[in-house]
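Two complexes, one shared chain (chain A), two partners (chain B, chain C).
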Partner chain A sequence: MTWRRWLQVILLLTPGLGLIVALIGTVVYIAIVQSFGLYNLTGESLLSAEHWAGVLERRAYGRAVRYSLYIGILSALFSVALAYPLALWLRKPFTGSVAVGAILKAPLLVHGLVAAFLFINVIAYHGVLNQFMQWIGLWEGPRRLQNDSNAIGVLILQTWKNMPFALLILTGAVQGISDDVLDAARDLGAGSMARFRKVIAPLTISAMQAALVIIFIGAVADFSFQVIAGPTNRQSMAQLMVFYKDGGRWHDAAVVGVSLMVVALVGSALLAFAARFILSGRRFR
Partner chain B sequence: MTRELINRFLIYLLIAVCTLWLIIPFTMAVLWSLVDPAEPWTADKLMPPVVSFYRWHNMWVNSSLKEALLNSYTLAPSAAILTLLLAIPTSFALGRISFPGREVAKVIALLPLVVPPFVTAIFFTSLLFSLGLHAWRFGAILFAHSVLFLPYAIRIMTVSFEQVRQDHIDAARDLSASTIARWRVAYLPALKPGILASLLIVFIQSIEEFAIAFIVGSPNFVTIPTLLFGSLGQDFVRPNAAVLSLILVVPNVILMLFLEKLLRSANPSMSSGKGMA
Partner chain C sequence: MGTVQVNGLQMRFGDFLALPDISVSVDEGEFVTLLGPSGCGKTTLLKLISGFLKPTAGTIHIAGKEVTHVPPETRDTAMCFQSYALFPHLSVRENLEFGLRQKRIAAAERDQRLDRVAEQLKLGPQLEKLPNQLSGGQQQRVALGRALIMRPTVILFDEPLSNLDAKLRDTVRMEIRRIQKDYNLTAIYVTHDQSEALALSDRVMIMNGGRIEQIASPEELYWSPRTSFVADFIGGANVLDAEVIGGKGEDHWVLSTPLGELVAASGTEPKSKKIKICWRPEVVQPDGNGPNRIETQISERSFQGSFTDLFFTAAEQTFRVQLPEPTVRSGENLAFSIRPQDIVMLESMQ
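So, the complex of A and B:
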């Protein structure tokens, strides 16, 4: 390529790609340097690891990391585990399959905050779920279900919102497997489980990894579901970061922010690696 | 026959699950939005005793709903247009010019989707503070939305540019069409579905975006999601939250369905009125 052609490409990339790199690069840079005491908004900047040491020894930080990982990993696993059988079921078209697919993907159209409102409406103290359980005689009185300490509400919300996304990705991958391959496996005596383990899973592993990673990153950084439906005695990492920022503790917020990015990056890599390790029959490729 | 039976059973099961999953929650939201304050909807009553549009009217008159609607519906089309304008040159380069590192550039364009939104929001605010631009909320959110949603527009427009047929461009050039005329007759028909899809997807994303609007905009600048979030917190009034939820979700569902239809019809051969070679 000539230098003129290069110049043309750079000029064309600048307004789009250039802005993305500039904004995201600046944001990540500010988070990192602020976590080390620089870029002070209210006083003198001083390079130190004091903020890291301070935040890392707080129990709230450790709890937030563990809690965010718990939500991120379980949300990704539940969403994918529910989506896989549904994707396999919808692999071949049948009467009503388009309608079924549309219904299953409907939560994609619903905003997360609306989903949270709908959910707390259903599980409210005098909500429809409590009334139903009392009506069938399983519960004697209403129970407090919102903000449960195991964050089951948050996990249900995350799965509700993310399962359709996993389904969207996995349906495409599963439909890409040709009938010939599956017929050959069947002719060689492979049962349903063996066909899944030895044919379908290895051929759809990339799609599954993509679904796991994208859902994990979203769920590990969750703020709104946690604030509305999550346990009140624990904070997610995003919530802790906002809490520090609202108190004007920008450097502490930066420590949590950088940690969140690292957790998202390392966690998604490990999740993708573990999925390949398990589904490819413990063989590395 | 057995497979048909299994499918039928699974469909009935799915309908039952979806009733729990979708129909009951949305019906509850609609009913709550219609509860008249004169007679509260208590646990012993299956349906609201008195229904009216009082809550809708009350929210319209006495809350920040008008302001939030104005902000959201000014921000979203502005972000959609700005994002598209920023995405077109990059998409042209990625879709029509072969250069070393093109695939890497396509991956880098996805960066805003990988960084957690609250991290971007908080440290973007930090940047605004240091530049002294934190009071310029509308502009700041518009800029952030435009950059954050660039990956969607770049991705869609890159595919659209890739689908522009070279023989159409060559034919226009052979007929001595000017640069503008070539764009009009060869590029635009193939790009039209992509342009509409990009505008629509960024519009929807911007209407729904919460983290940036919440962190950068608070406390003075409200959008529909930030108003809804506020109404779900300490000022939780169920019927008011139901009104806001429906205001947020209904237009978006319609737009999303339109978008899906648009993306399905995004076939350059159809849009250019010519068959594929």
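So, the complex of A and C:
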């Protein structure tokens, strides 16, 4: 292409793409430079790495990174693992399949905060679940399920909220595999698991990677579920960032924010790579 | 013993009865083709034999063992799909080895089988390629190789040549027959192309509306069809109504037809007084001096290369005659005769 052509392409893209790049670029730039002491909102700006050094030293920061990774990875894996069998089940239309599909996708329409409060109501000390378990005689008395230390409540919420999204992506991919290809695998001796591992997963790997990455990025930066249903002895990175910001420590908050971006970027890349490496179908011939 | 026995097989899809009652037996090393129009149930029968469908009633035995409810993955059959159904993410080598790895065949045996199939099907240079880098004919050969490498008791073909061009179809057709004979495989082949069925098969099973119309050798089907459907479906015979008006000698029958009085020679008696009869367009004697003489006006002429189709109408029915080099033109008269043994008596009229 000639430079005139390049210029034409760039000018045509600028109104749409340019705006996005400018907005994201500005935010990223501000976050990075603020983490190094610039753009001080309350005092004098001074270029320095002391905020990074200070935050990285704190045990709360390390715990928040590990906890956010834990939530992000497990939420992505659980959502995709649950979505796959449902996508395979809904691959062929049957009586009521549209209704089942619609019900399964309903959580997409419920806001996260609303879902978290509903969930809290269900698992509360005198909530529906506790009363039901006592009624059927499995539990003698009510149990404390809220804000559990292993964040199982958060994982359930994340999976509940994100599984429909994974289902949406995977259903299309799974429907793209022809019946003949699956029948051929069967005809050649592949049982259900072998068919999944050697044919279905490799042929839907791109959709699976997209689902894993998008869910991971959302879950790793979770704030609302964590605040309402998460453990009280740990903070997620988003929660820590808000904690610093609320204390007026904008530079420390920026350090956590930039870390969160790096964790999301590196983590999603690793997750996508691992998925392709494990399920490309060629290693398991 | 690669025999296939199907007894009283019935297949129902909801209210629709696809196969009411099918019984057929295929011998070891035999090549049987299921032929019929779209929707006649031939693919359904093939899917029942391969295990992809479960019959509503009846049994299937392969090599003497009952496999009616055995899933396809553990059934000793291999299928060649119409769409080839190659695994797009795997190379030709991986496609060919897929089934062997599933059956946990030892590496040495696997390599040996792969080399043989690759050599036989001339796939050596393509082994590392992905299916989308192959031509249609090459993909078809990979699909065939993937089935053959399993050395199944029975190999099943579901219209495997329908996506190939005419020239390639002829080549692959011969290849399939050669390999089937080399391996002495029992083969069941589904097609709606009658020339493919006649060229390939030891026996052809003509299906219509889920029922078997006739199962016989290609020659027998062509020259001695039992029903007007078979006569018309194979080679487009001239089928017409007839009434038996008397016998003539031991095995000759006088018939009243829209073309006039005709004499048919047959080893068997007509099934009733009112029957259907047929004669092939190419059996006519152009001199018109023999028995069953017919004189008519040609309405249409169609040159086909080695022969020419001539059409005429009688009693609101169009008939076809084939002659090698006819001089007659449209609108001119033609006289020809039909030997009594070339007139075939079919089923009773409804």
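Everything that follows uses one rule, which is that the second predicted complex is superposed on the first by the 265 of 285 C-alpha atoms of A that agree within 3 Å, B and C clash if a C-alpha of one lies under 4 Å from a C-alpha of the other, contacts with A are read in each partner's own complex, and residues count from 1 in each chain.
Here is the rule we use: a residue touches a chain if its C-beta (ideal position, glycine included) is under 8 Å from a C-beta of that chain, and two chains touch if they have at least 3 such contacts.
Just so it is clear, the structure is predicted and the values come from calculations on it, not from any experiment.
Annotation for the three-chain superposition on chain A: chain B and chain C fit side by side. Shared-chain residue A:20: touches chain B; no touch with chain C. In the superposed pair of complexes, A:80 makes contact with neither chain B nor chain C.
Contacts of A:118 after superposition: chain B is touched, whereas chain C is not reached.
Between the C-alpha centres of chain B and chain C, as seen from that of chain A in the superposed arrangement, lies an angle of 90 degrees, given as a multiple of 10.
Contacts of A:128 after superposition: chain B is touched, whereas chain C is not reached. When the two structures are aligned on the shared chain, A:250 is found in touch with chain B, with no touch to chain C.
Which of chain B and chain C touches more residues of chain A: that partner is B.
Legend: residue contacts after superposition of the two complexes on their common chain; A:109 is shown touching chain B, with no touch to chain C.
When the shared chain is aligned, no partner comes close enough to touch A:240: not chain B, not chain C. Taking all C-alpha atoms of chain B against all those of chain C in the superposed arrangement, the shortest distance found is 8 Å. Residue overlap on chain A between the chain B contacts of one complex and the chain C contacts of the other is empty.
Across the interface of their complex, chain B is touched by residues 1, 5-6, 8-9, 11-17, 19-21, 23-24, 26-28, 30-31, 34, 39, 41, 89, 94-96, 100, 103-104, 106-114, 116-122, 124, 126-128, 131, 142, 160, 217, 220-221, 223-224, 227-228, 238, 241-242, 245, 250, 253-254, 257, 260-261, 264 of chain A. Every residue of chain B that touches chain A in the complex is listed here, in rising order: 4, 7, 10-11, 14-15, 18, 21-22, 24-26, 28-29, 32, 42-43, 85-94, 97, 99-100, 105, 108-109, 111-112, 114-120, 122-127, 129-130, 144, 147-148, 150-151, 154, 208, 210-211, 215, 225, 228-229, 232-233, 238, 241-242, 245, 248-249, 252-253, 256-257.
The part of chain C that touches chain A in the complex is made up of residues 50, 52, 71-74, 77-79, 81-90, 94, 97-99, 101-103, 146, 150. Residues 178, 180-181, 183-191, 194, 198-199, 202-203, 280-282, 285 of chain A are the ones that touch chain C when the two sit in their complex.
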